[in-house]
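Next come the structures, one after another.
Below are two complexes that have chain A in common, paired first with chain B and then with chain C.
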Partner chain A sequence: MSDLDRAIEQLRACRLIPESQVRELCYKARELLIEEGNVVSVDAPVTICGDIHGQFHDLMELFRVGGDVPDTNYLFMGDFVDRGFYSLESFLLLLCLKVRYPDRITLIRGNHESRQITTVYGFYDECIRKYGSANVWRYCCEVFDYLALGAIVLGASSGLEPTTSYTNDTTQSTMPIDDGELETEVLNSQGEVTFSTYRPRQRSSSDTSTDSRAISPPRDISAPPGQATPSRTGAPGTGASGDGNGSAQTSRTGAVLCVHGGLSPLIDSVDKIRLIDRKQEVPHEGAMCDLLWSDPDEIEGWGLSPRGAGFLFGSDIVKQFNHLNGLSLVARAHQLVMEGYKEMFDGGIVTVWSAPNYCYRCGNVAAILELGEDASNGGTVARSNGEYGRSNGVVDANTVVSPGRRYRVFEAAAQDTRGMPAKKPVADYFL
Partner chain B sequence: MAAPQIPNLNTFRRGRGRGRGTGHVENGPGHPTGKDRVVQGTDNDASVSRMSAVELRYLDDPYATALTPSGSVTRRFPIINRGTYVRTTAIDRLVTRFLSPYSPEAPIRKKQVISLGAGSDTRIFRLFSARQPPDIVYHELDFAVNTATKIQAIRSTPSLQRALGLDSSRDNVTVSEAGDALHSPSYHIHPVDLRSLSADSSLSETLPGVDRELPTLLISECCLIYLSPTEAAQVVSFFTEHVFGPSSEATAGEDTQQCSQAPLGLVLYEPIRPDDPFGRTMVSNLAARGIQLQTLHKYASLEAQRARLREHGLSSGQAAADIDFIWERWVSEEEKERVSSLEMLDEMEEWRLLARHYCIAWGWRDGNDVEAFEGWSTIQAQPGE
Partner chain C sequence: MSADGRPVRVLPKLDPGAPHNFIAPVKRIHDGQDVSDFLSSKAYTDIMTFLLQLNRSMFPTKIPDGAAQTWPLGTDAVQFSAPVRQLQGLLSKLEDIVEEVPPDTGPRRFGNISFRKWHEVLETRASDLLREFLPAELLDMPSADADGPTAESELKAYFLGSWGSGLRLDYGTGHELSFIAFLAAIWKLNGFPKADFGVEERAIVLGVIEPYLELIRTLIRTYSLEPAGSHGVWGLDDHSFVPYILGSAQFSPAINESDLTPEEGSLPDAPDPAGITKTNIVERERKTNLYFSAIGFIYDVKKGPFWEHSPMLYDISGIRAGWGKINKGMVKMFSAEVLSKFPVVQHFPFGSLFSFDRDPNAIPPPTTVHATSGPQGRPAVPDAGHGPTARPNVDAGTKAPWATAGAGTRAPPMGPTAAPWATARPGPGSTMTLPDTSQMPPGPMAPTRAPWASTQAPPPPGGDAPTKAPWAK
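The block that comes next holds the complex of A and B.
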């Protein structure tokens, strides 16, 4: 067993590794991250996660619900540290997994991965308390500076393989398929389907927002939705390599942009993100700051953010950005949502929140988002529905179909059964 | 920057610290049970939060340091600091508007404030330092262990004495032998378990110095919530019906009774909305610390708080607003900008969640002076539940 595997084992047990090992880990991680672009390309299948905030036991619950690394391909959208009591254990474990399985886990930067914020919100204090000096905090902050700012998920499937319910799996799988393709599915932590929506395969609906879809070709009969490989059953290693080249053009679904916060008025294309010099502390303003701080809101255009950094942006901004960049979805984190996930703007953007009972106080559930792999593009045949749209003279990103989305919702880990230290976390109230 | 992640360590520390005070308690009124000690300890939470907000300049309070237990200085998270700020300034506003004459022409009439479970509250010092000689009579009621701590702080801190205008050489201050009661012409500290207040006992013995004739404001800043619903209602009724009830001479009809009564107002600051996911978590988290918010379910909404005020005969007006509303509507844009710039408050959603679970409710009856609460007429209330 390598030192790294031992460190992973130790951290999984919520025990810290020695300072010298942290230093080495952070050095290796930087060497790895420096090779990544500002926007990392990730192939589906992938499981997208939102804020963790040092809630280590809930991170373990996340892995239980979503599968372990490297079996599941993960993308974490930042805010690993601060607020919770185990920022160190959480972040160091994720970092170990990154160094051990670089192609199976992607970490991008959140606004809390910053020197300034971690001194206010707890990570700095935790480092001092647990290691007796600021050294480990400094090593970690140096890693923060190298984290990517975003990720592009390519090759996601437009439809989901329906999850067969444990209770009645004979009736479940056949029933609603005829009506259309399974577009979203919500599962509870027991793996039971609690909600699903279907995408009409062919329709001439009067719904203007989906008119453009109606002129896009129906799903190819050679790839019935039943054969799409759901991410849960995908063999370990799929999607890590292979079909990555140019799959944005060959996939029927548009790419998915993942960032921690949101869009920036200074960024009108994904390529502009690639031009940022990211290897620095998160600035107080500018494109890099906005990507980590902004929030979608029910407004038109851009608005001032009550957070004092970043901006608010409306549905028109998202629609335009997705259109111009051939995206079908922006996935982001950053905002607590009580149900764990929240789709906005006709499904153009989704907030994913992965810290259940945030700060041990908020009473919310958490979620992770699974995007399946488009089986139809797994072989050598590259269908090109995007080009079909263009040959019609409709250069409209709306012809890009959004990926099928499976949300796994989970609750806070039962702390008593997980060997929590006697010091139970206590949330502050106004008393 | 201390470690705000482990506030429970403070609880442990407090547990030990409190032991020192129990000597007073044995002789004082109300023998505290284990639960009472936990409730008494909540005052410590409040003073630590206040100190944090003062140090970061949310609040200007030169008296906070002297009334915060040494060694318990902890930097709170920004949302807690903002909550402390909103709660304090909102109650200040209600108190100030009550105390100030409604119009410059109006005659200045002496007024009275009775603060229930006042603990280490600094409002008295902030008020009195700006009003010398004081045109008000201020009463604080709390467990003997808390009043003794406060009196000790006053005795050992010249700046607190100066703020109060107390001059020991002039013999205008008396402190009880146990050190848990203080009486001066305009400031009284009463060591009393609120649950022991009863119409049977003589007012001059239980609460010496309380003037039945003055326009009076009762304040419960997160105090009555720890009592059982019956006890909480009894405490308020003790004041509304007994102390400031119909005077014994008034034997005529109800109208005459109304007119003979002194104006009386009540300001409540309490958690609300226990039945959503945040509220349920709050109830269970506090229960894990031994804190039971006993009346929370009875007065679970703004409407329930207004009805409560109405039922207590505060018939001239009842209003309520949650802390989120107060932050949005009472605080000026300029002041919001100042406060927002003190610390980066990243957790907007959490702030709204937390702030919607605390409210201020205020109600009053005009009694024999329709102008006494006129200053409250322009304070913006929150409609709905």
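The block that comes next holds the complex of A and C.
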């Protein structure tokens, strides 16, 4: 077993690795990350995750629900650290997995992956407490500077293969009654379907967009946890044969942009993100800052953010950005949502939040978003390394179809097995 | 010693006969340097003086038969003056607004949007409420300059700052600070009757501050207010600080009027600090003690192991030197982690009652690398033990605030750029000067290869719950 595998094993057990090993790990991680572009291209299938915030035991629950690395491909949208008790264990484990399985896991930067933020919101304190010095904090911050700013998911399937619930819950009907294509599915942590939406299969490429947009149910869905509502909301009778030519349709699925916060008024195309010099502390303003700090809001255009960094942006901004870039969806994290995920703006953007019962008190569930692989072309998608989505005629943005989306919702991990540690020396105010 | 022989200062009141000019309060703290100026300002001295005065009053009092008169919540040994009862009436009116504005049942992120409505109602009614519950002669106290504002403009600013943010749907120690300033402003304006030391102070703590904290807890639960600037598990408490100061005083050793404020030891029948992890003890003590009422609220709202979601309080519960020790530490920590933190104090407005002018007796605080947001040097605490005009000696900046000349223990000297807990020795290759605590003894949670490791940083308190930029104005 290699040192790396041993480190993974140790971290999975929630035990820290020695400082010298952290240093080595961070060095290797930087070597790897420096090769990545600002916007990493990722092929479906992939599972997209939001904020973790040091909730290590909940991260283990996430892997239990979503599948382990490397069996499942993961894309984490930042905010690994701060606030929770186990930022070190969480981030170092993810970093080990990144180094061990670089093609299986993608880490992008959140606004908390920053020197200034971590000195305010806890990670710095945690490093001092657990390692006795700021060295490990410094190594981690150097890695933060190399994390990508975003990712583009390519080759996601427009439809989902319906999940067969493990249980014999007969109230759950997951089969589409007619040829409606399964568009969204929400599963609880037992793998039971609690909610689903359908859209009709398209007859031909010409009416793809209109059919799916006009007939699909509103996509601002956000199913309450545990609420078993096997809704079959696809419009009956509108789906034609659907068989036979499905492949041509599903390959039209637009790309998905993943970024921690949101959009920036300084960024009108994905390519502009690629031009940023990202290897630095997160600036207080500018495009890089906005990508990590902004939030969608029910406004028109751009607005000031109450956070004091980044902006608020409305549905018109998202629609235009997606249209111009051939995107079907922006996936982002950054904001607590009680149901774990929240689609907004007719499904143009989704917030994914992966820290259940955030800060031990918020009572929220967490979610991860699975995008399936478009099997129609043999499971391979040409990596386009930046060419994708340019308005070069290859992709007609008007015909972009959103990907099928499977949300797995989960709750905080059980805590009763964690023993009470001895008390640590107190801060020097009390000496 | 204060002028009357008591080892703690009392916040001076305005001379009703002397002309005074009120100033509509405005924000003065715009960057890290402004925080340093604040720490040398008259406002900082006044706030700490008032807080220490309240703190001192909550220490049990020696009585002639050798026993101690304690000051538990709900005691009938404390009489509430008319102004205190009026303030209770004011708080009760605010609680009524909660009934008027039920939480929104629609979809939400976390903070309930109805709190914005609660805040709007509060703002709409603030002037009328103040007029109903505070004396007109106090509110209408004029400026010497004919076109200057009245006292009301200053009082209202601190009153309105006490109830969290309607915009961000959060609440934190900065709002708590504003309420303390509101009470201190009334004190300065002679709004509380003249009495022996401790009489009005105890009535303010038990009769006003505790109901205030309860109302805040109601607001937090009703509207799911986020912790302003939460450090998650790495802060003392998501929302509050003051109850930990005043509650630890309640359990500290009994004192005479002339005794120095104890720096260690406990009242003989006070519960062990370790009791905070035992729910039966918390349930018993929270009814009468401010520290435990705050701990009890944590249990009400948090799920999970206490040591994990509140490691700072857990560690403090291991202190063997008594509640007096905890009390002393809490005061120091309040000064360093609330009053010295830009994200917390940036919203505090300054007028005439809390003046940004330099206090001629202030000790300049150490300058630090993290002047705007991060771990920061401990500021000078007003020299509460000295006479009002005593010129503190050079060590006074690191001295316990209640220390009298010769009685205080000297804190270790600190390098100018060190964080408060630092042993001041930057690690190799550091670009920022950060503490190296490698000299500290090992602790049980240290990783296997770092046997020397231990010690933790003091938790930075409060902030904003969707992460606010620390540099945000």
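Heads up, the rule we're going with is that the second predicted complex is superposed on the first by the 338 of 431 C-alpha atoms of A that agree within 3 Å, B and C clash if a C-alpha of one lies under 4 Å from a C-alpha of the other, contacts with A are read in each partner's own complex, and residues count from 1 in each chain.
Everything that follows uses one rule, which is that a contact is a pair of C-beta atoms (placed from the backbone, for glycine too) under 8 Å apart; a residue touches a chain by one contact, two chains touch by 3 or more.
Everything quoted here is computed from the prediction, not taken from an experiment.
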item	value
Which of chain B and chain C A:121 touches, first, second, both or neither	both
Touched chain A residues, chain B compared with chain C	C
Touched partner set for A:430, first chain B, second chain C, both or neither	both
Touching partner for A:134 - first (chain B), second (chain C), both, neither	second
First, second, both or neither for A:364, with chain B first and chain C second	both
Touching partner for A:21 - first (chain B), second (chain C), both, neither	second
Chain B and chain C footprints on chain A, overlapping residues	85, 111-112, 116-117, 119-122, 124-126, 129, 295, 306-309, 335-338, 357-362, 364, 423-431
Contacting residues of chain A [partner chain B, same complex]	85, 111-112, 116-117, 119-122, 124-126, 129, 295, 306-309, 335-338, 357-364, 423-431
Contacting residues of chain A [partner chain C, same complex]	15-21, 53-54, 82-85, 111-112, 115-117, 119-122, 124-126, 128-135, 137-138, 222, 284, 293, 295, 306-309, 334-338, 342, 357-362, 364, 412, 415, 418, 420-431
In the complex, chain C residues that touch chain A	107-110, 167-168, 224, 227, 229-235, 238, 277, 301-305, 307-309, 311-312, 314-319, 325-326, 328-330, 332-333, 336, 343, 370, 373-375, 378, 420-421, 427, 430, 432, 434-438, 440-441, 443-450, 452-460, 463-464, 466-473
Chain A-facing residues of chain B, complex	1-9, 11, 42, 45-46, 49, 76-78, 80, 83-84, 87, 222, 271, 276-282, 285-286, 288-289, 291, 340-341, 343-350, 353-354, 358
